[in-house]
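Common to both upcoming complexes is chain A, partnered first by chain B, then by chain C.
== the complex of A and B ==
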């Protein structure tokens, strides 16, 4: 039995005019750290809300720990930990008051599950008398995680926990998730940051309410079908325009300081690359073959679904 | 049970850390009581008056002296000529003038009939009428005391008694009204934002994904306001008794119990509003604006309900403060016991249960 399972879940808003999630299916295995990766507005939060039973799906079925999200919502609510995307603790209560409150309404105490949150709570303990609203972004997320964990949930739902958090705190946060995974908690986490995808066991790429692919990050990268080249020149924009209009080029997009491009004929790309250079003669041109990232896969999958 | 206690403690924290809420809760009643008690009064006191005494005789002076000792009037420096009267009126210095003709006493002695002229500023008809009545009463009583009419053998003297408020203390009328008004507005407004605030802040989303029950949330939200409103009630009663000289004639415990019942009705109404709305602003608008007018109109302490057209009388029956106003007047001012007010009590109790029931049924266990 998977920890979380979705089968053809659809959800629309505003009486069917806005499609948020379109026939989404995937499973999260027990003890897995599963990432839901996609840009803002892709439907991540809707999926989280359906799974945490606060929103009803229009169609499809979903289970959490084998329990139906519609029928058994009361049991699910006891068993899962949920951290919404927006900071949702009581800003006027202090750190320790928030934690005590959530521990008590889950019929447990901080003491009982202290070992589970110890690593995280130690970092915010110096501020335990500070109102939650006055914490920094990273501290807030740590506190929210503590509150979501305090009842030792079977499944943890974290909706964009690292959005608005600095790079160091983000790294720390992911390390915490790895440790929680070792405790046997299944974790479903969403993020708009592609670089965090590789930290998950498996990921689902989502765009406009559609799942593009579900696999391990390694497989998604190695399934990238064509050799990928990175190129740059003095006039970056001209280069992008030229390459995009060239019939030999399959796709071309800006990626950091480089252009990433693939060719329609994957056979002898090195030769094609040289032909491009000779054809357009860009100044200060350099190119290299490069290893695809999750983001490259995402962009490729996205372009395939949007004709 | 432990959950509920934790919840209630959390709600107390919210209330005590929100200085504005506390200010509304305790500031508003005190200000209203003091305002109605001292500043806003329907009694007419200290009417500016000046005398043009052309007679300068014994009778006119004695009447002027009587004016001076009367607390309703504030006697201004004497007027010396007719044109001065209008001048003083225009300056706003006086609201009333009293003119004695030159042969005031002589007329009285000779023909038994003398005239005084009372001129009043009727741009405020209420004050003018009252002033004129005061003066005619004063002149009459002066006449009776100094010259008892021997030729009249038959006299009807009405013996007036103003029951329940013999001193005509104006506070007696408004204190019950203000108490009803305060609870209706303060309790409803404060609870009406309590649930919707959690929706707006996003904390409701986390709360929903926890093993709580809606009834627990509603009870926990209501209890801090119930406790604070009871303290508020005692504060208002103390202010009324010691500052405004309003006596509680009936059983204080009965009054207390009825007030707690009314507070619960208001809290239930607030919770219902909170469950039906989606933003604190809407909730506040409904509970403040939406409640203020019906409460003022239909409680009965500003405008008598008996004089209203039938449709309005029907509407007034759904306003809880109307029943409480009847109850509190009966217990506080008339000293009646429970047997006189059980009907109103029953209505309030049914309203509370009904409102709480609807609030509970309307509690959304999911996001919109």
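== the complex of A and C ==
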């Protein structure tokens, strides 16, 4: 039995005019760290809200720990931990008051599950008498994670936990998730950052309410069908325009300081690259063959679904 | 049940942490009850009167002295002609003009009657009608005490029909003091604010900040959440009611003539009704600003239609219907009856039924709507 399972879940807003989630299906296995990767507005939060039983799906079925999200919502609420994307703890209560409150409403105490949150709680302990609203962004996230964990949930739902958090805190946060995974908690996490995808066991790429692909990050990368090249020149914008209009180029997009491009004919790419250089004669031109990332896969999948 | 206890603990912690709201809740009754009845007063004083005396006689001067010494009028001018006096009215300096015609004294003595001209500025309705009334009363008094009349031979008086003299005494508020009327009303408004406003804002705050999202994914049941919000404010409301009653006694010396227990019974039921009203507003609103405006809209209507300022009996029939349909009306009536008149429970039973009805209706609607929205 998977920890979380979705079958053809659909949800529309504004009386059907806005399609937030369109027939989404995927499973999260027990003890897995599963990433839901997609840009803002892709439907990540809607999926989270359906799974945490605060929103009813229009169509489809979903289960959490084998329990139906519509019928058994009461039992699910006892078994899951949810950390909404927006900081949702009481800003006027202190760190320890927040934690105590969420422990008591789950009929448990901080002591009982202290070992679970110890690593995280130790970091915010010096501020335990500070109102939650006066914590820094990273600290708030740690507190929210503590509150979501305090009742030892079977499944943890983290909606964009690292959005708006600095790079160091993000790294720490993912290390914490790895440790939680070792404790046997199934984790569903969403993020708009593609670089975080490789930290998950499996990921689902989502765009405009549609699932593009569900697989391990390695598989998604290795399934990238064509050799990928990175190129740059002095006049970056001219190069982008030239390459995009060239009939031999299949796709071309800016990626950091380089352009990433693939060719329609995947057989003799090196030769094609030389031809491009001779054709446009860009100044300070350099190119290399590169390894695709999740983002490359995402962009490719996105372009395939949107003709 | 234990869970509700923890929720209540959290709510009280939050209430006591917000110093501004806390101060408002407890200072509000004291400040309002001390300031409002003293400042807002229906008694009209300082009516500005301008005289135009064409007679310049002993009688005319005596009339003017009498008016000036009554304590209600302020003489703003002795003008040469009516036109000049009217100019004072136009400048908003005079409210009433009294024009005494030439031959005032002569005609009074000879003919036994004389007309004077009174012109009243009617822009401020209350002031003009009451001011005009006062002036007429002073004139009537002057009339009856004129020595031409008192010196009349006694035997001639027999020829006239004996006049009917009207005299009166005011019950339950013998000196017709405004504060007795006003203070119990303010007490009611205070409870209305606590029950209606603060509860609505508090619940909507959880929506606005997003904490309700986290609460929803916990085993907290809806009734626990709602009771967790209503009970603290019910208690706060009862404390404010007590503070209000204390201020009423200490500052104004008004002690309820009727049973305090009945008063508290009504207060308790009334608060439940108003808390339901606050809850109902919160189900409609997503932001505190929205809730504030909706609550304010109803609070204005409730206050103006409740008989707090103006008598319900003098309203047109349709307005009287609306007035009956606002809970504030019934509670204000009851508080006045119990505090001033000393009515017992058997006299105000109907009002209690009304309030219980409101409590059931408003809370029922709120809970129904609350279910629907989520």
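Heads up, the rule we're going with is that the second predicted complex is superposed on the first by the 307 of 307 C-alpha atoms of A that agree within 3 Å, B and C clash if a C-alpha of one lies under 4 Å from a C-alpha of the other, contacts with A are read in each partner's own complex, and residues count from 1 in each chain.
Rule of thumb we're sticking to: a residue touches a chain if its C-beta (ideal position, glycine included) is under 8 Å from a C-beta of that chain, and two chains touch if they have at least 3 such contacts.
Predicted model, so just to flag it, every value in this text is computed and none were measured.
The superposition on chain A brings chain B into a clash with chain C. When both complexes are overlaid on chain A, the residue A:263 reaches neither chain B nor chain C.
Applying the stated contact rule after C-alpha superposition, one finds that A:74 touches each of chain B and chain C. With both structures placed on the common chain, the touch criterion links A:97 to chain B and to chain C. Contact with both chain B and chain C is seen for A:86 once the two complexes are overlaid on the shared chain.
When the shared chain is aligned, no partner comes close enough to touch A:243: not chain B, not chain C.
Of the two partner chains, neither chain B nor chain C is touched by A:26.
When the two structures are aligned on the shared chain, A:127 is found in touch with neither chain B nor chain C.
In the superposition on chain A, chain A positions 52-54, 74, 77-78, 80, 82, 84, 86-93, 97, 101-102, 104-107, 147 are in contact with chain B in one complex as well as with chain C in the other.
Looking at the complex, you find that chain A touches chain C at residues 52-54, 74, 77-78, 80, 82, 84, 86-93, 97, 101-102, 104-107, 147. The part of chain A that touches chain B in the complex is made up of residues 49, 52-56, 73-74, 77-78, 80, 82-84, 86-93, 97, 100-102, 104-107, 147.
Partner chain A is touched in their complex by these residues of chain B: 2-3, 5-7, 9-10, 13-14, 17-18, 201-203, 205-212, 365-367.
Residues 2-3, 6-7, 10, 13-14, 17-18, 209-211, 213-214, 216-220, 374 of chain C touch chain A in their complex.
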